[in-house]
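Look for chain A in each of the two complexes below; its partner is chain B in the first and chain C in the second.
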Partner chain A sequence: MIVIGEKINGAVPKTGVAIANRDAEYIKELVRMQETAGVSYLDVCASTDADIEYEALCWLIDTVQEVNTIPLCVDSPDPEIILKVFPRVKEPGLINSISLEGNKCELLFPLLRDNPEWKAVALCSGGDVGVSYTAEQKAELAFKIIERAAEYGVTEDRLFLDLLIFDASTRNDTAIEFCKAIRMIKERYPNTIITGALSNVSFTLPVKKALNMAFLTLAMDAGLDSFIGDTTNRDLKALMLATNILIGKDKHCRKYTNAYRKGEIGPIKKD
Partner chain B sequence: MIVIGEKINGAVPKTGVAIANRDAEYIKELVRMQETAGVSYLDVCASTDADIEYEALCWLIDTVQEVNTIPLCVDSPDPEIILKVFPRVKEPGLINSISLEGNKCELLFPLLRDNPEWKAVALCSGGDVGVSYTAEQKAELAFKIIERAAEYGVTEDRLFLDLLIFDASTRNDTAIEFCKAIRMIKERYPNTIITGALSNVSFTLPVKKALNMAFLTLAMDAGLDSFIGDTTNRDLKALMLATNILIGKDKHCRKYTNAYRKGEIGPIKKD
Partner chain C sequence: MVDLKKLTEAMGDLEEDIVVEIIDQVMEEGGGEAQAAVDACSEGMNIVGDRFADGEYFVSDLIYAGEIMTDAVQTLSSALGGDSKGGSSEKILLATVKDDLHDIGKNIVKSFFEAAGFEVVDLGIDVPHEKIVNTAKEQGIKIIALTGVLTLALDSMKACVEAFTAAGMRDDVKILIGGNPVSAEACEAMKADAWAHSPADSVNICKGWAGM
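Let's look at the complex of A and B:
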C-alpha cells in the first residue's frame, strides 16, 4: 500500500494557521510524524487564496525539504503553479493533480514526458462527465485520462488514478461505486495505481475513524493500491496491515508481526 | 447483523473461574454488559470437563435467566447435554451446535422439529469432509446439513450456518475461503443465516482487534448475517455500523447516527 501523507495541507485548520504564520517548526514536525508512520509520499498543498498560493507553496516546499527524506507530492489545483514550483523540488515525486478539466493535460503531461522519474495523481473528473459518481463514470474518465497520457508517451503505470471518494452521508453508494470502479479499471489496465482521499467518506458524520477504516478494508479488497490519508493513526495502520493478511497479501503474516515488533502497531510500549 | 454474545463461555479464562466458583454476580454482570451492547442472543457454554458439564451448565443457565431479557444460545459440544438442559430454558432461542459429527443430527433435529420456535447453529464440520478449510468444503457440508435438516422438516431459515473461521496465522486464506463460501451458499440457499466465531481469526496474533475488525468488514461485504463475538467492544460495534452504511444496508445513515446519538458508538460521553 502506497500511502500519501495528507497532513501538510492548508485545508487542515491547524496546518493552515501554521502556513499563514510561516511556522516552520510545526510543518517540520508534521514531516517527521508522517515519515515515522511510514508514508511513501508527503502531500504538500498550500490551500491558500490564489493570489498568495505561489509564495506560500514555495515556502512550504523549502521548509519540508529541509528535513524530509521521502518524495513530495506537489499539490495545487492550478497547473500553472505546479509548473512554477516544480524546479524547486529536489527529488522526483508526484504531481497532484492532473484531470480533464481546463488545460491541465496540455500543461502537465509534457512535464511528465520530460521528467520520466516523476508520476502523477490523475483525478477522475472533468471532461464531458464532470464529477464522477458512478463506477461507469469513474472508469470512463480513467480510460480517457490514460489515453490522453499515452498521447504524450506517459504510460499508465505512472498514473495514480484518484477515483474520487464522496461523503457517505449524502452518497450512501460511494464505497460500492468506488470499489466497482477499481475492478473495472484494473481489468482493462492492471498496471495503473488506484488511489483516493480516504477520509472524504466520513465528512460530516460522527465517529469518522470507523468509516475510514471500513472503507479502507473494502477498497483494499477491491484492489486499491494507494490512499491519501493519515497513518499516524495507529489503529488505521494496524487495520491496513491486518487487511493485507486477510486478502492474501502478507504471507505468513510477516509484515504484520514485524510492524508489531517494531512498535508501529498495537499499544505504545513504554521504555 | 445478528450478534451472538460470546462472553459467557468457560473457555474465556475469567468466565471459567467464575463458573468454577459459582460466582453468580460476575456472570450476571456479563449478561448486563452484553445486553447493553445490543447482542441478539447470549451464548451460554460451560466448557468444563465432561463429567461436571451438566451440573455447571444447569447452574449457568439458571443464573443467566435470573437477569436476562434476550434469548439464550445453549452451547455444548455434547448433544446429550443439550437435550438434558433444554427443558430448563424458559424462552425459545438457539441450540449451539449441530454438525454432521457423530449422532448430533439424529438427536438434535428432532428437538428442533418438535420446537418450531427454536433455531440452531450448524457447524460446517464432520461427515466425510471433517474440518472444512476451503470454500468448496464449507459449502459441501452446508448443503449436506441443510438436506439433513429438511429430512426432519427443519427449514434452512432456522439454521445459523457456522462456516468456521481459522486463525490467519496458520491459514492465511481463511478470510478468502470464508467469504467465498458465503457467496456460494447464499446463491443456492439465500434464506440461511451465515455466522462464525469472529475472534478465531486473530488467535495467537498480536493486535487482535485490527484483525477481527478487518475480518468483520470483509465478511459483511460477502453477506455475513451474524457473528459470535464481542460488541461490548465499542470500536468493533462502530465499525460494524459503519460497514453497514458502506455496503448499502443503512439508508441515510440512520442506524449509525442513531447509535451515535444514544452514545452506543464513539467516545463515551461524560455526564
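Let's look at the complex of A and C:
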C-alpha cells in the first residue's frame, strides 16, 4: 500500500498556523513523524489564499527538504503554481493533481513527459461529468484522463487515479460506488494506481477512525493501491496489514508479524 | 567457501533471500559444503524453534521456516547424494491419530524433524492404530510421534499406546505425544514416554532418544 502522508497541509488547522508563523520545527517534526510511520510520499500543500500561496509553498518545500528522506507530493489546486515550484524539488516525486478541469492537462502532462521519473495524482473530476459520484462516472473520467496522458506519452502506471471518496453522511453509497469503479478501471488498466483521500469518508461523522478503517478494508479488497491519509494512527496501520493477509497479499503473514515484532502495531510495549 | 554462520543466522531470522543466495553459492562451488550447509540450516531451525517457544515467532513463521528449509534441502539434494537421508539416518514415524484431521502442526514438526536430520515416515491424518503399529514393525522404527489437536485425540493416543503393548512392542519403541491437548498428566495417564507443545522440544526429545 502506497501511503501519501496528509499531515503537511495548511488545511489541517495546526499545520495552517505553523505555515503562517513559518514554524519550521513544527513542519520538520511532521516529516519525521510520518516517515517513522512508513508513508511513501509526503504531501506538501500550503492551502493559503491564492495571493500568498506561491511564497508559502516555496517555504514549505524548502523546509521539508531540510530533513526528508522520502519523495514529496507537490500539492496545489493551481497548475501554474506547481510549474513554478517544480524546479525547487530535489528528488522526483508526485504532482498533486491533474484533472480534466481547465488547462491542467495542457500544463502538467508536458511536465510529466519531460520528467519521466515523476508521477501524478489524477483526480476523477472535470470534463462533461464534473464531479464523479457513480462508478460509471468515475470510470469514464479515469479512462479519459488515461487517454489524455497517453497523448503526451505518459503511461497509466504513472497515474495515481484519485476516484474521489465522499462523506458517507451525505452519500451512503460512497464506498459501493468507489469499489465498483476500482474494479471497472482495473479490468481495463490493471497497472494504473488507484488512490483516494481516506478521511473524507468520515467527514462530519463521529468515531471517524471506525469509518476510515471500514472504508479502507472494503477498498483494499476491491484493489485499492494507495491512499492519502494518516498512518501515524497505529490502529489504521494494524488494520491495513491485517487486511493484506486476508486478501492474500502477505504470505506467511510476514509483514504483519514483522511489524508486530518491531512494535509498529499492537499494544505499545513497556521496556 | 560460504559463510555458514551467516547461513545459520539467516535461517533463524527467516531471511529467505540470504538463505537462497548462500545455498546457491554452495551449489555453484560444486556442492562440497552441501552437508555443512544443511547442518547450518538445522542450527538456524533451532533458533526458530527457540524463538517460537519464547513467543517471538508465530505459527505462520514456523510454516515459513519449514518451506525455506525444504527448498534449501531440495536445492542441495543432488550434492547430498540421492539417498542421503535414507539408510543410516534415524527414522521417526509421524502421524495425526485416529479421528483427528489436523495436519498443520504435524507438518510443521515434520519440517523440524527433517531439518534435524531425521528421516520422517509421515502416515498422514486420521491414522488407525494398526497402521501405526504395523508400519513401525515392518520398517523397524523406534521413535513414534503422535499428534492431534482435538481433546478426542488423547483417547486415540492412549489406544495407540495400548496397541503397541498388545503387539508386544511397547518396550521396543519410544512414544512422543504432541499437540494442543497433551500435557504431563495426559502423558502419564496413557503411559507415553514424553510430551511436547513446541517443535523445538519435540526435536530435542527425539534427538535424546536417538543418541544424537
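The rule we apply is simple: the second predicted complex is superposed on the first by the 271 of 271 C-alpha atoms of A that agree within 3 Å, B and C clash if a C-alpha of one lies under 4 Å from a C-alpha of the other, contacts with A are read in each partner's own complex, and residues count from 1 in each chain.
Everything below uses one rule, namely that a contact is a pair of C-beta atoms (placed from the backbone, for glycine too) under 8 Å apart; a residue touches a chain by one contact, two chains touch by 3 or more.
Everything numeric here is computed off the predicted structure, so don't read it as measured data.
Looking at the shared chain after the overlay, A:Arg254 reaches chain C, while chain B stays out of its contact range. Within the superposed three-chain model, A:Asn172 lies in touch with chain B and out of touch with chain C [touch as defined at top].
Applying the stated contact rule after C-alpha superposition, one finds that A:Gly266 touches chain B and leaves chain C untouched.
Legend: residue contacts after superposition of the two complexes on their common chain; A:Pro13 is shown touching neither chain B nor chain C. Looking at the shared chain after the overlay, A:Pro87 reaches neither chain B nor chain C.
Of the two partner chains placed by the overlay, only chain B lies in contact with A:Leu241; chain C stays clear of it. In the superposed model, A:Asp221 makes contact with chain B only, not with chain C.
A count of residues in chain A touched by chain B and by chain C gives the higher number to B. In the superposition on chain A, chain A positions 251-253, 257 are in contact with chain B in one complex as well as with chain C in the other. Interface residues of chain B facing chain A in the complex, by the touch rule stated above, are 168-169, 172-176, 201, 205-207, 209-211, 213-215, 217-218, 221, 235, 238-239, 241-243, 245-248, 250-253, 256-257, 260, 265-266. Within the complex formed with chain A, the chain C residues making contact are 14, 56-58, 60-61, 63-64, 67.
Chain A meets chain C in the complex at residues 251-254, 257, 261.
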